[in-house]
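Here the chain labels run A, B, C, D, E, F, G and H in written order, and each chain numbers its own residues starting at 1.
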Amino acid sequence: MAKHGGNVLATRATREYYDAVIAAEPRAVFHETARCITLEQTPAPAGKGTVAVVCAGTSDLPIAEEAAVTSRLMGNTTELIADVGVAGIHRLFAQRNSLQSARVLIVCAGMEGALPTVVGGLVNAPVLAVPTSVGYGASFGGLAALLGMLNTCSPNVCTVNIDNGFGAACIATLINRL
Amino acid sequence: MAKHGGNVLATRATREYYDAVIAAEPRAVFHETARCITLEQTPAPAGKGTVAVVCAGTSDLPIAEEAAVTSRLMGNTTELIADVGVAGIHRLFAQRNSLQSARVLIVCAGMEGALPTVVGGLVNAPVLAVPTSVGYGASFGGLAALLGMLNTCSPNVCTVNIDNGFGAACIATLINRL
Amino acid sequence: MAKHGGNVLATRATREYYDAVIAAEPRAVFHETARCITLEQTPAPAGKGTVAVVCAGTSDLPIAEEAAVTSRLMGNTTELIADVGVAGIHRLFAQRNSLQSARVLIVCAGMEGALPTVVGGLVNAPVLAVPTSVGYGASFGGLAALLGMLNTCSPNVCTVNIDNGFGAACIATLINRL
Amino acid sequence: MAKHGGNVLATRATREYYDAVIAAEPRAVFHETARCITLEQTPAPAGKGTVAVVCAGTSDLPIAEEAAVTSRLMGNTTELIADVGVAGIHRLFAQRNSLQSARVLIVCAGMEGALPTVVGGLVNAPVLAVPTSVGYGASFGGLAALLGMLNTCSPNVCTVNIDNGFGAACIATLINRL
Amino acid sequence: MAKHGGNVLATRATREYYDAVIAAEPRAVFHETARCITLEQTPAPAGKGTVAVVCAGTSDLPIAEEAAVTSRLMGNTTELIADVGVAGIHRLFAQRNSLQSARVLIVCAGMEGALPTVVGGLVNAPVLAVPTSVGYGASFGGLAALLGMLNTCSPNVCTVNIDNGFGAACIATLINRL
Amino acid sequence: MAKHGGNVLATRATREYYDAVIAAEPRAVFHETARCITLEQTPAPAGKGTVAVVCAGTSDLPIAEEAAVTSRLMGNTTELIADVGVAGIHRLFAQRNSLQSARVLIVCAGMEGALPTVVGGLVNAPVLAVPTSVGYGASFGGLAALLGMLNTCSPNVCTVNIDNGFGAACIATLINRL
Amino acid sequence: MAKHGGNVLATRATREYYDAVIAAEPRAVFHETARCITLEQTPAPAGKGTVAVVCAGTSDLPIAEEAAVTSRLMGNTTELIADVGVAGIHRLFAQRNSLQSARVLIVCAGMEGALPTVVGGLVNAPVLAVPTSVGYGASFGGLAALLGMLNTCSPNVCTVNIDNGFGAACIATLINRL
Amino acid sequence: MAKHGGNVLATRATREYYDAVIAAEPRAVFHETARCITLEQTPAPAGKGTVAVVCAGTSDLPIAEEAAVTSRLMGNTTELIADVGVAGIHRLFAQRNSLQSARVLIVCAGMEGALPTVVGGLVNAPVLAVPTSVGYGASFGGLAALLGMLNTCSPNVCTVNIDNGFGAACIATLINRL
């Protein structure tokens, strides 16, 4: 793939997989938390504004980082805002300026999946919600978060598949290039 | 039941049902939004603090009112705080003092069911979450709200059955009498 | 609501409901297929491009029309493309130009819910997928269509709740104003 | 965390994890059945009464112990009553005094999840029900027990997430401090 | 059917249906609570012991009566024990002698469906569990009760379909004739 | 347990587990297919007739053997009839005499779970249906077989939990002792 | 539609609907059990063999008749074999010759949905399975029958949507014309 | 099995399993992608036309190859058309001639499972749809693809169990021999 000259992105990569890649292509970069390998050869067209990637904490960080790595590779100025869960809403409020200055937002959340709805109420931009499989018991592998996001009462939220940080970044890129 | 001298509470009552009751027992009171009929003959033991009943808006009001009517009949000073949804979080913040002065809270929500989690993060008291069947599509009759509440990241939230405002008020009463 | 001077939109309205509204506010307009009542008093800010609303046929038309009526009221040039199902893909191809000239697309589908994926592969714009509750048997009230859309292999598709044409139009408007 | 001077609790810890912790902080204590590590530096405020933690047998014991360890660390006099399943109800009756003298109860159960309902009928205190993932076949990872508890006919029972002994102890603590 | 000389049983019959039947066959009997019509022409072979039909209260009574009417028509001495729910276990204990003298038991329960398990622990006879569709919210039409019964920890309990009082009586008859 | 003088049965045992048991109690017997360890010290009361254990083939054999081993230890003459699936119904017919001479039948089946219904139509005795988790894809761990058995159109069939051969044998024993 | 000269088929039609059709097109025929209206103007190409439509009894007859009416209108010699359920397998055996002489079979069943599997074991032709929504309780609107058919152990069975007699007949026609 | 002289097919075989087989029967062939071992001793009766096996890409290839290997062993001229997903519909169109010349088609797809519907709209032959367990998150092990195929709007599509390439080839063989 590297020979065709474009940018390359592999998601859900392990360090073992990266070791094999780096042998063949030394310019490849490993993003450990995001579990992504990237090779940037041609800068992507620059997005017009900032993409904010938001999540509640360390558990959701791999998916949020996957979205952020993808977003950056696709040419977007990308700001990652972690540790802003709905159970401690003052931390979210402290980030209000960052959130409101984004052109499009990607919000990742597991468990009850309420963060996109709360963020959606604070901004006037499109919010792409990513349910994560973080949780246990009645989270049913991310189903609870997914249903929460689909039933959002914020009218500016739409949803992608569970753990699909990559897909959210693709849509954010399309929107940010408009 | 009225003849035994205690208080009587009938939930999910229609006006037709009330018309039949009032003929037999003229002291009975109909609570239209709550769909409850009450007959208070003996004041219940007074709770020690305030029970706050919280919901997002008009759709969840019947269940919130059912909880409030039950709570009052059981001897609790009860404050109903409606119209404080998670998508407009400033309205919730404006009620922070009321929320934080309650000894126990009942929080009713349909759709994504995130309100108990957000309220739980603002107070240091037990929160009884009541999922409501309000919603459509992927709410699946209140299942989405129920799962959201069970997966809460606020450690002071526990949950009762869908639309069970009565049950939440019973537990709140036991707690408020401690 | 009309007295505040803004635009008013009521979704899922019946003709009986409209008859009551028209008595109070003669300028209100009823959109029968969309089951919406609108009152336009102040033109909304114009969107920059066209919003395409796409569906497969007459069964999905009420939701598609709800999206189209909402989109127009919110200031978007809106094109409705009906009768382009995945089982007769040549009809969809005949509309390729219209699809590719839209700035953002809303695609409504029931049953197997495959239309947003196929449309997503034909365009380079964001696609907002709306599952509808059209179907029977194993459609389980739109669940099959919803799962199909969440599992799309087109990376430019995101999804809203079942039958939520209104929500899709809100997001399309935010995107089209960028 | 130990350096901040407060108490520390880690749930779902393995012995391997404990071996790493003990090297850095020799005062840490490992609770093997509960799979918890605790470090008590500052006594928590004492609860006013007893928290009873109840379960049916050895399978549910890890979750019951997690609740008990948490409850004790949070300052509650805590009594663990194990081996009192619903299929041998005389064993439960033999514990009636202990159950009735508790100020708040945590009842853990897997399989059909009926224990909180039966206990709830014997006491006049709040019962916090914890479904466990113990079971096989149609228990579906604790779903059967969870649904059983949500549908309880005892009005003093509310429910937390599957296997969430920690959360139940947090709520019990709030109640016991009232 | 009456002309063939055997006994006839119609379940889930309305009074309207009975009015039509009685016109054609005046010996037919209507069992209102059970919603059954019976015509006994030939006494069925007598069962050897008593079939006990047990339920918690008025909501489950139609299904319990359907089982009892069927059981009697099939030749069994049948004892109906109603109002013995798990949340008030002393009422159940008061019936211990009746329960323990039955040769086979049919136990009907809705909501959390725990009654067959508790009864199963009190007797040494086969228990046929009948989940009923009584309940609301997370009872999901009897699913919660069904799962509770399948996950019973009493080894003498087996289960039939939701609301299938007729089927339970058929199996009880086969067992009671042994 | 062996010291109390009764019979001992351990289900779902591995060979490794058996090796540990045999060291402490040399009379213990390992049933490899059934994955059971038994120790018979006191003959159980003899059942009055034969218990037939029926299954379709090698995949269901472990559960069928668990039922057969349990049934024999509990004092029943037990006949195992394997390899009689519903897709080759002539093999089932060839066993009609054996089936019809049983006093009670245990029928195990995975996949579509139709065998208990077909057997139930051939005999006039109680049929205890055991769904097994054998299958793949839409069998959902035995759920398809379980639902098939609960919806049986044979009125002499009742059902236990998925893979619960032990429980079926307990009930069969109670019936066979009548 | 009639004016285009082809054949017309309307499924799920009521008598009221037919009364409206007959006024406009007197040649239209109403099939009451099948709930279909047909207008045959041009004979369809004849199928090469017989299509057998099989079902268990009166409850499944509307769907079986829908399949049979469709099959005949599409040019197939069609034989309807009703009343051959799996709980009375001798009735099915009595039809073995008819079943085995069919070129393709449509088998409709509700409840446990086992009939297609049993028929599939008796013939060497393709079997199209149609789950019906007939049943109650744990049939969940035909889901139990659907899962049973998908998990069939007969390798010549494939499945269509719940109650889709029309679709099964379309596929049978394509096969019978080969 | 080889000694009986017929053809032998083992599905879901690993290389380790093959190593054991090859020692006993050196003529056995291993199909690595299909995870099948075959031994052809007697040519099967030749099918009359071509069976086309279609899938979207490398993830679905194991199931598609399982279907193709089975189809060839059963005597069918078999064409495998891979890499024709619905999100890049021009690749599918380029194969229109191959698709339309097949006598029967097997279409495998995971994720949203839309490929059989789109292929079904392009051909006038029976389409056997095979959902695969390829996907993540809300694919729920192939459930999303399965529901998509059952809800197809193409009337010439029927469905087998998830990952059941073998079964689809059996039915295709029966059809192709007609």
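Rule of thumb we're sticking to: a residue touches a chain if its C-beta (ideal position, glycine included) is under 8 Å from a C-beta of that chain, and two chains touch if they have at least 3 such contacts.
Since the structure is predicted, the reported quantities are computational estimates derived from the model, not experimental observations.
Minimum number of contact steps separating chain D from chain H: 2.
The interface with the greater number of C-beta contacts, when A-C is set against F-G, is F-G. In whole angstrom, the spacing between the mean C-alpha positions of chain B and chain C is 36. If you average the CA atoms of chain C and of chain F, the two centres end up 56 Å from each other.
Within chain A, residues 137-139, 143, 146, 150-152, 161-162 each touch two or more of the remaining chains. Chains that are in contact with each other form these pairs: A-B, A-C, A-D, A-H, B-C, B-D, B-E, C-G, C-H, D-E, D-F, E-F, E-G, F-G, F-H, G-H.
Per the touch definition, chain C reaches chain A in the complex via residues 48, 103, 124-126, 128, 146, 150-152, 155-162, 166-168, 170-171, 174-175, 178.
Only residues 131, 133, 141-143, 146, 161-164 of chain F touch chain D when the two sit together in their complex. Taken together, the chain C residues at the contact with chain H in this complex read 56, 85-89, 111-114, 117-118, 120-122, 135, 137-140, 143-145, 147-154. Chain F contributes residues 136-139 to its touches with chain H in the complex.
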